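Presented sequentially are two complexes of chain A, the first with chain B as partner and the second with chain C.
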Partner chain A sequence: MLQDILVTGLVNGGVYALLAIGFSLVFGVARIVNIAHTAFYMLAAYCFYTLLTRTGLGVAASGAIAVAAVTLLSVVCYRLVIEPVREHEAAVLIATIALGLIFQELMLVAYGGSFLGIPSAVEGVVSVAGVSVPYQRLLILVVAAAVLVATWLVLYRTRLGLAIRATANDLEVANLMGMNVHRVAMATVAISVALAAIAGVAVAPVFVVDPFMWLAPLVTVLAIVVLGGLGSLKGSLIGALVIGYVEAITVFALPKGAFLKGAVALSIMVVVLLVRPEGLFGVAFEEER
Partner chain B sequence: MRNPAGYLARRAWTNLRNEVLVLPSRTLALVWVLAGLLLPVVHPDPYLLRIAAMTCIFATLAASWDLLAGYAGQINFGHALFFGAGAYTSGLASLRLGLAPWLGVGMAALVATAVGLAVGTLCLRLRGSYLSLATLAFPLIFTGLLFAFPDFSGGELGISGLRSLARTRTGNYYVAAVGMLVLVFGLWAIADSKFGLVLHAIRDDEVAARASGINTTRYKLAAFAISACAAGISGALYAHFMRGAGPSTLEVALSFQVVIWGIFGGVATIYGPVTAVFVLYPLTEWLGSFKGLGELRLLIFAVIVLVVLLFMPRGLTPWVRDKIETECPRCKHRNAVWRMGCRLCGAPLRVLAARVGQRPR
Partner chain C sequence: MLRTVALAVAAILAAPAALAQETIKIAVLGPMAFVQGENHWAGAEMARDEINKAGGISMGGKKLKIELLRVDTNEIQSVPDATNAMERAITRDKADYVIGGFRSEATLAMQEVAMDNKKLFLGCGAADAKLGANVEKDYARYKYWFRITPLNSPGLGRTIFAVLGDIAAQIRRDLKKEMPKVAILAEKVMWTEALVAAAQANLPKMKMEVVGVWQPSPVSTDVTAELAAIDRTGADMVFTILSGPVGIVVGRQMGERKMKAIAFGINVEAQKDGFWQATAGKANFLATLDTYAEVEMTPTTVAFVKAFKERFKRSPTYNAGTYDAIGLLKEAIEKAGSRDADKLVPVIEKMTYVGTGAILEFDKAHDPVWGIGKDTGIAVQWQDGQKVPFWPGQVKGMKPFKLPGM
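Presenting the complex of A and B:
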């Protein structure tokens, strides 16, 4: 059981990290609480499913096209829906909620509410420390690790990454220093949704694909980013691993754990918030006046 | 004073004419109240009454959210918690304790207030987005607990077999409608009082409010308690109207729905969210009644919300209100848009506006 917990927690934590870091990035740079974030993850899974089963494309090509298409869609949505109401925080909030609902309903109309299964990209299992781990889960872990490293490289080794971090730090000063903050915000949205889309493509063969698959991870991701501190990437990563392991422990070690999985994870978030209201690694924002 | 009845009638008419009918928004509110009360008399269609009653229940919920989120600025993403707590308390009280339905509603109000105080206490140190996202968690924790003890709570199926509050269909509608009118006007009165003014101050600048000698902790907790109490009563009414309560009363979707209603109607107005429910809920039900459109109902709902927001980012009612009323530049009282001079201080409304360039001809 211990090994089960270790492996499941790590795999889930990796997926959550992909989602949470993207969410955190957008919040940090554009101050958008993007409720539709995991809806893009759901869209990517559907896109991947369609390409894989309806066309003769291979796994890698389908995945790449799905990620690219969803990323493009997110930029279009940002330009058409979010940017016109950027000054009104409340309007942005429900615009993202409405976007999520629209995507959910579109998929419901197009594919129906039934669960769709995707064949694994790679078959077979490997034995790690006495637990048999399917290759697909191992693949998720590898993809998550590789993408996280790539994101880190983009953020800390490129000029775009510098601009993103600067904008997140102080939007007005970044603007005064000659950075095009609108374009930076758009790039951030694209990066963040690409991360979500990669997560969606990676987990689609393991989880079932249905139009409501975005709600459960949405709540988990919100818990993670609040736990780790809004806008903090390190916090999101560690928060994702914490929540991933807590869920795994609850499911494997408690009776009726599957029902309590969300409740326990969220309770931990609440406890952390009570002790440290700005999250584990959040900066206590100065009172904005 | 020879004819007191005539005097009172004349005085009532004068009040009505000078206080209500002079402003289009107040006239609309009066028409809305009368329409709500007369609906079963004019058109006692069971389907329509059912939709109207549900609209009234959800309008109460949306108004209670507005007091907490719009006025106090505590943008609550888990308002379904109070609704669900009310629904489950009232349902379990009648089923497991055998209490009369009305007592169950009272108990639901008490329990919801307690839940509101508890959540408020937990959230005291949080602000802004942290608060929103943390409050999203509470209904889900509650749902997890309900699922973990299915013998007591009914698990995923919820509880059913409740008695409704009135015997007839019309009676049930009036329970919902009168309950809504009392609660909504009560919330409006609270929000319009000094208490509401303090909440405005807390939302705009909490530090300044504290520096002015306001005990912000106490006011925030009071806002949580009042809002939760109203939401809990609406949940109890819902449970008795539907004759059951299920986990759907605690769903994330319901919490989001409340946020959408609130912001779509215009926050910090009380009447805004109520208007939004009265526009959106019957609209979605009406769209759902078409064959073929039923599946697209939520999609159309979301698209309407999105499109309306692009044109009216502050919400529906502030936009409409600005179209039908203007503010007097001198005394800041509101006037119907077609008036030439202010109804209270006589200051010219149009000429002045033209001179400062607000309304170029």
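Presenting the complex of A and C:
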């Protein structure tokens, strides 16, 4: 049973990490709580599904177009919906909830409530320590690792990354130094949503595509970023693994309580908020910046 | 001259009244953005068109035309939306009868609204036994409720255990396993509770070993941990009790993991034509209870399924039982010679109605009576992209159940 928990927790943690990184990034550097984050992930999954099944494009081309299209849409949404109210955190929260619900209803109208499936990019299973793991899930782990490294490189090895971190550190000073803070925020939103879209494309083949697929991960992602520390990429990764393992342990130790795995994750979030409100790595990230 | 003109004017004025035909309004309630609601509506439309084309419902020398109201309950997302929809259909749209419902929690709430208004409510979706138990408990209030489809949860249980017994016999014979191991995988919602308890009690008596019970959320997007745990037990069968999208996830992930265990039970998503696509073709050998296939369950089943497929380009799901609900209503009105719900109730209670999915007779709870040759439902298995009916074996048109690797 131990090897089952180790392998299942790692694989599921990888899926969650992919989703949590972008959410954490946009809050950490742009201070935008984008509740529509997982709705963009849902849109990317639909876009990928449509291109793959109705146009005859291959997996790579469909995935690339889906990510690009959703990222472009996020920029439009930022300019039209988020930027005008950005100074007011509560308004941003409400505006992004509205965006998520609008996307959900639009997909419901366009595709109906049917559950759609996308073929795996890589077929087959591999046995890891006696546990069967589909190749598609290993691919997600690889994509999650690559995305983490790429995000770190962009933030810490490019001029754009420097501008993003400077803006996050002190918006007023960055503005006075001549940086276009709105453009920097827009770029951050675009990078964050691109990460969500990559997650949508990578994860869709192992999940089911439907208009409500953004809600369950939203709750889990919130738990992860609170656990890891809002804004901390390292924290998101570790938070994702912790939640992945907690869920696996819940299912293995308490089969009849498998439905409680989400509740257990949320309970951890509440405990962390009470004991260490900044999360596991919140402070370290502040210092790092 | 003046008199002739006056008569002509009077005749013209009177004409619309004479031509206007009496109608009955039937509200079809379901989650219309979803497959369940689409089938509610499709079945009702077929019944309306056929009955109206044949002249309508005969009552006291008059012919009544059927008028349908399409009412979106949004019940998959919100129970309050469902009760509001029922209230609106009855009070604002003045529906004479209400049919449909899908989610048990929502249907129970809608039942209250319909009973408050003494409206005949013919259920075509919810299985929870409490809907019928209400009739037994307080007949005067709940007598207007009848369940057309599916069977109530104990009835579904009887069918499931009958099919499980047959599959277990096949495993004993073909795989030489005297005591097949069964893992119960049931979503955690109200209607599954009785079935889980019954399975735990009955399967050992049927010489099957229950290796555990796993209860994911009905909207779970991932059951890898559950399936890994089931795999570890060496289960020969996964007894599924699933109505939500988790049914697709189970089908797909069992296929991806190349599990040796065979899945059978209730998997509502697996009843739909789109299931094979939704699981990306991974759900080979998965089996589920179902209602419709081109087999002779009743004398009208094959013709109905063919006509439905031709018109809507897809197979009917059990929610298309609205077709039978309207057919039964027509027969009841014609027998009673009245459209009054209080007069229809005793007529329906005594009726034997040959529907397309079952031969309907009602017990004291106004639930369909279970019985081979009456109402059992069927069992189907996904075989290479095709939904193949295999149970009850004695019905003409059934095909063999297949075990993986045999």
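Criterion: the second predicted complex is superposed on the first by the 282 of 289 C-alpha atoms of A that agree within 3 Å, B and C clash if a C-alpha of one lies under 4 Å from a C-alpha of the other, contacts with A are read in each partner's own complex, and residues count from 1 in each chain.
Quick note on the criterion: a contact is a pair of C-beta atoms (placed from the backbone, for glycine too) under 8 Å apart; a residue touches a chain by one contact, two chains touch by 3 or more.
Keep in mind it's a predicted model, so treat the numbers as computed, not measured.
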Which of the two partners, first being chain B and second being chain C, lies in contact with A:Ala223: first, second, both, or neither? first
Once chain A of both complexes is superposed, is A:Ser114 in touch with chain B (first), chain C (second), both, or neither? second
Give one of first, second, both or neither to describe whether A:Val208 is in contact with chain B, with chain C, with both, or with none. second
For A:Gly262 in the superposed arrangement: first (chain B), second (chain C), both or neither? both
If we overlay the two complexes on their shared chain A, which of chain B and chain C does A:Ser192 touch? Say first, second, both or neither. neither
Is A:Asp4 in contact with chain B, with chain C, with both, or with neither (first, second, both, neither)? second
So in the superposed three-chain picture, is A:His88 touching just chain B, just chain C, both, or none of them (first/second/both/neither)? first
For A:Asn12 in the superposed arrangement: first (chain B), second (chain C), both or neither? second
Chain B/chain C common contact set on chain A: 108-109, 256, 259, 261-262
Would you tell me which residues of chain B are touching chain A in their complex? 75, 122, 125-126, 129-130, 132-134, 136-138, 140-141, 143-145, 147-148, 205-208, 252-253, 256, 259-260, 263-264, 267, 295-296, 298-299, 301-303, 305-306, 309-310, 313-314
Interface with chain C, chain A side, in the complex: residues 1, 4, 7-8, 11-12, 15, 108-109, 112-120, 125, 131-132, 134, 136-137, 205-208, 210, 212-213, 216-217, 247-248, 251-252, 255-259, 261-262
What residues of chain C sit close enough to touch chain A in their complex? 31, 33-35, 38, 76-77, 187-188, 212-217, 219-222, 224-226, 228-229, 231-232, 245, 248-249, 252-253, 256-258, 269, 272, 274, 277-281
Touching chain B in the complex: which residues of chain A? 27, 33, 35, 81, 84-85, 87-88, 90-91, 93-95, 97-99, 101-102, 104-106, 108-109, 215, 218-219, 222-223, 225-226, 230, 256, 259-264, 266-267, 269-270, 273-274, 277-279, 287, 289
